[in-house]
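Think of it as A, B, C and D in the order they're written, each chain with its own count starting at 1.
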Amino acid sequence: MTAPHARLKVAVVGAGYWGPNLARNFAASTEWQLTAICDMDLARAHRVADPLGPVAAVASLKTLLDTDVDAIAIATPARTHHAIAMEALGAGKHVLVEKPLADSIGRAREMVDAASMSSLVLMTDHTYCYTPAVAKIRELIAEGRLGDLLFVDSTRINLGLVQPDVDVFWDLAPHDLSILDFILPGGLHPDSVSAFGGDPLGTGRSCLGHLMMPLPNSVMAHVQVNWLSPTKIRQLVVGGSERTLVWDDLNPQQRLSIYDRGVNLGRESPAGSRQRAVEQVSYRLGDTWSPALPEREALADMVAEFAGAIRGHRPARTDGHAGLRVLSVLEAASRSLRHAGLAEQPEDMRLVEGLL
Amino acid sequence: MTAPHARLKVAVVGAGYWGPNLARNFAASTEWQLTAICDMDLARAHRVADPLGPVAAVASLKTLLDTDVDAIAIATPARTHHAIAMEALGAGKHVLVEKPLADSIGRAREMVDAASMSSLVLMTDHTYCYTPAVAKIRELIAEGRLGDLLFVDSTRINLGLVQPDVDVFWDLAPHDLSILDFILPGGLHPDSVSAFGGDPLGTGRSCLGHLMMPLPNSVMAHVQVNWLSPTKIRQLVVGGSERTLVWDDLNPQQRLSIYDRGVNLGRESPAGSRQRAVEQVSYRLGDTWSPALPEREALADMVAEFAGAIRGHRPARTDGHAGLRVLSVLEAASRSLRHAGLAEQPEDMRLVEGLL
Amino acid sequence: MTAPHARLKVAVVGAGYWGPNLARNFAASTEWQLTAICDMDLARAHRVADPLGPVAAVASLKTLLDTDVDAIAIATPARTHHAIAMEALGAGKHVLVEKPLADSIGRAREMVDAASMSSLVLMTDHTYCYTPAVAKIRELIAEGRLGDLLFVDSTRINLGLVQPDVDVFWDLAPHDLSILDFILPGGLHPDSVSAFGGDPLGTGRSCLGHLMMPLPNSVMAHVQVNWLSPTKIRQLVVGGSERTLVWDDLNPQQRLSIYDRGVNLGRESPAGSRQRAVEQVSYRLGDTWSPALPEREALADMVAEFAGAIRGHRPARTDGHAGLRVLSVLEAASRSLRHAGLAEQPEDMRLVEGLL
Amino acid sequence: MTAPHARLKVAVVGAGYWGPNLARNFAASTEWQLTAICDMDLARAHRVADPLGPVAAVASLKTLLDTDVDAIAIATPARTHHAIAMEALGAGKHVLVEKPLADSIGRAREMVDAASMSSLVLMTDHTYCYTPAVAKIRELIAEGRLGDLLFVDSTRINLGLVQPDVDVFWDLAPHDLSILDFILPGGLHPDSVSAFGGDPLGTGRSCLGHLMMPLPNSVMAHVQVNWLSPTKIRQLVVGGSERTLVWDDLNPQQRLSIYDRGVNLGRESPAGSRQRAVEQVSYRLGDTWSPALPEREALADMVAEFAGAIRGHRPARTDGHAGLRVLSVLEAASRSLRHAGLAEQPEDMRLVEGLL
């Protein structure tokens, strides 16, 4: 057991694109002691480890797990997450996994179960959930500031690398889905998922696409992802009966805008007909408000949360179940894609979680 | 027969929202003599007619059709288009109809057939097709400046009146669909249409929604319409292999932007695999260009085209068939909506047009 | 004397660019009866008068003033304002004058004096002061919501007609100056005016320029005007110790933004030095707020205010003295321009107004 | 003498705000070997030096200059530039100095003369001149793409630190002035400088201000700087008779826009009067074009240029004379500020340079 005030020891597995970011944040944290970078390409591991002080570079996962490290953070390709995580959990280590949690829901559920049985923390690195903007959105929705939700629209488009092993849904949509899972009260549980993809360049996988996800209470959620867009947009709109929120992640001067605008329907009479309601429609054109947001690096908060979950013996804010919910939508999307957009029901993770 | 240089005589039927705009443009045109405004509410007809000079106000369509008017322009609710147009065509008048052409494709086809048999012009008022921006987009695509089309995305969202008799698709999407029909070489012929609507206020009709339309050659077209959005967006993106075009109708200082940006795939080797192509992906980040557009009122060009078609004994640029193609998509969308987004094939208008 | 509920009779003199706007708003007002349009070019007068109902078109000012009209509105070139206004005041008519009030402060003062002696209303058409945005800005400043004023910056640039008889300062700056006069508590009273103009095309008058106006309490006001700018900007920034306000007149979706941001200086110690204050500087990065503004035509409110002033026997909100203050700055600017930007003191209108 | 292919040795003096950026770029350059960081606060020197590999941390300038270092880069407060540079030049070292070159033109000229007499390179770190955008602007002007220059407008405003020892002109305007000096053919040589500052918080120095600089040929240059602005703007407009250019440094998606818009005056007849020219004014509303710019770090190019100048025995692109021209304007601005904006002539650096 780790003493409350000692630093937790952590190693990062994977020194490619994302690993160095994790390493830098663990190294800068007062909660953590970064002990090693592990990569099969030892030179690459050294390039990450050496500037960060006395940090080891190792090529063997087995060797790493034999040390007294408390936790490992996995930043390797998704298809390797399961094997590495299972070995780490088996060695009694807490585990943080880059999104997506695994490359299939079945393997992800094994990881969740293994962590649960060993009372270890399994956390998904849903980084966006630790940005000040997303934290504020969650808070505004939870406090009822938007009223009833009406629609959700998430757009993530830009010129992007055509990935060799995954389509644009598995590459980009985990960001959008993890955000929706975080801000929607009770998490993301769509009634169904319809996916439409385009592969106009003939690459063998969708390079652009849309997810249509009816949510309970006639709320429509839409996610748009695109690797071929000449303009870069990262935007989320959450429409509510009281207010509507727009998050424009690329506008540092006004990231979050809350519009006090909307449509008011007349109250239905006792024998109220919809027609009557429509006739009494009116518009509300109120103020716009843009809350100040702290400038904070999301990854710093994320690694702090990982430490907090371990020390507090509690699930992390974006735990394995969050990762499962995202995967259940991605898998339903892949099935829908194979059937021309047919509505597919995602596996209901509430069953898995024992909530239903 | 009308002498080449005499003004054609026209009357406008319907003095509600759109009729006055048509009337004003006919009155200002050197091609036309506006003779009458017809509305069952005679006072309303007078309010439109009187400021426009010696223009009659009449309440009876029958009376109107007994005059020597050459053409009538119909700006009444969609459900009345068929009856009025059939009566006018029967009386030997050329007919212009506000979008949508009719409230069902069956009735619209009767109108097209009646006009055809009488050698009269039947034109759909797809106003946006006469804006300088849309004309330029059509020209750029036709000249191959965008290369092969990759995707099309049209957004039309704003706080809007919840219509008493139609949903948001029938209210707003005709604009987007008529534009797509106009700019796509050969017109709009989607392989299928999937529609997703949201009615979170319980009004009995979709107040926001998405159309997914796979086009030939793996091109994905997406249309988004929304009456409940706090922000106003009217934007069309046409992605091409060479260039991508963005039309932002609400930015008068830079309505049209053409981005010389995109993804280049490597050439496939003789035994070329897709994987190889992906590995050779590279990016092109070239200049952006925003062509100057004349400031011209679209309706002025539209009424000139109506006169030109009549005088030239030729179909109008947005003729009855264009109206049919838009209706075929709207009807497929309505069917899809009743089946949770199931892909529905629109009636193939090329059969009707004798093109297949 | 006019009975309280009878409509006041008004005629518009000048049927060029601005006159038709005034005529349309008088015609639409329930306070006014528009009786005539007066222009030496009678055909031009008819073109404005005829569509507005039973409105006379006259070519002679003398004839017009012999009628029982209560008031006249002058929309002729600035160099003719004085002669027309004096004749009208002499005939006992209330007078509204398009900006600038006259082409020199001497002639303007004669107009003010003449109106005063006859107890007639002399109003300057400072249209912008009747926009909802400017009304809100005045209110926010008056309520102290911005704290102490720190700086004011007004920009009005666009491709514009090079005027044949005036420079860019006399053409455009009256808008900015009248707004500043309206929103600054106590009106616009700069300590001095320095003007810098550019005439790079050799037209014989400034086509672009800047006014630097130190105001009391070390507040710096800057006005930029330009006929040669390829981009169009109409923006006002009012910096305050508590909040700063930005009015972007070309952004209909967010015209007015109030930033709760700024610099906090430390409190000075009893023997406080400035150095100490500087060392304790800190930043405040609070919320941004954009108040909803009604969509209302400014000219409608302006003509209502003209009627209100006449009926209430009170000065109009933008009265002759406001026009004088604007002229005193314009004249000082012209003097400064002839002396390479030398700081010139404007005639102190508070002396004229008996306030000092 | 340094062999052509050996790395030049450089040390950075000053480990505060800017020094680390210089150090990082020298360390990354293939032209340079970074040998030491020098700071009186040795711990601070170590914090910069240690992560950059085998780089010494030293506290004594004298010790540093006794080594075989080829060049030193000075990133200390401006008031110390002269003493450090003179000592380094005396020791035969090439010198790069952070802007402004010195705290007075007299001291700066001594530095220029000392370098000249010893045939050493003295370079001013005018970083912006090495950005791809500014390089492109210089090229467009030099090629005559804008036609004759008409006006120049540079804005640099943001919430900023109130500096303890300099006003906002000396803190921010060197950026604008060095850019103007770089892009204007022949450098920045204003006929006069008028400066207007505001100190509404009573800090004892201008916290916001404007420079008005008439240039030859009736071109007006205006620079606006502000530490108290709630919004951040970094924008340069260069108006030309053929085209006008806008550089918006905060818009990564469209940094540079070239507008083919403007005013055309009629040709003057042989006895042509200006009046005639004005009457023939017309407008050109052509395309807008936004050239693609490479994404490159300016400092990398700057340190490469420093090496190139040393190896090539030639002046650097932003040499000591560029630094002098910027200082001559700053000193004239300070004089003007003390005289209420009186136009002050900057010392003519062409005399110093032997160009006149």
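Keep in mind that, in the parts below, a residue touches a chain if its C-beta (ideal position, glycine included) is under 8 Å from a C-beta of that chain, and two chains touch if they have at least 3 such contacts.
All of these numbers come straight from a predicted model, not from anything done at the bench.
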item	value
Number of hops, chain B to chain C, where each hop joins two touching chains	1
Most distant chain from chain C by Cα centroid	A
Separation of chain C from chain D, taking each centre as the mean of its C-alpha atoms, in whole Å	40
Approximate Å spacing (C-alpha centroids) for the pair chain B, chain D	54
Inter-centroid spacing, chain D versus chain A (mean Cα positions, whole Å)	44
Where chain A touches two or more other chains, by residue	231, 285
Footprint of chain C on chain D - complex, ascending	148-151, 153, 159, 161-164, 192, 194, 196-204, 207-210, 212, 214, 217-220, 222, 224, 226-231, 237, 239, 241, 244, 246, 259, 261-263, 265, 274-275, 277-279, 281, 283, 285, 340-343
Residues of chain C touching chain A in the complex	254, 260, 285-292
Parts of chain A lying in touch with chain D, wherever the complex brings them together	51, 231-232, 253
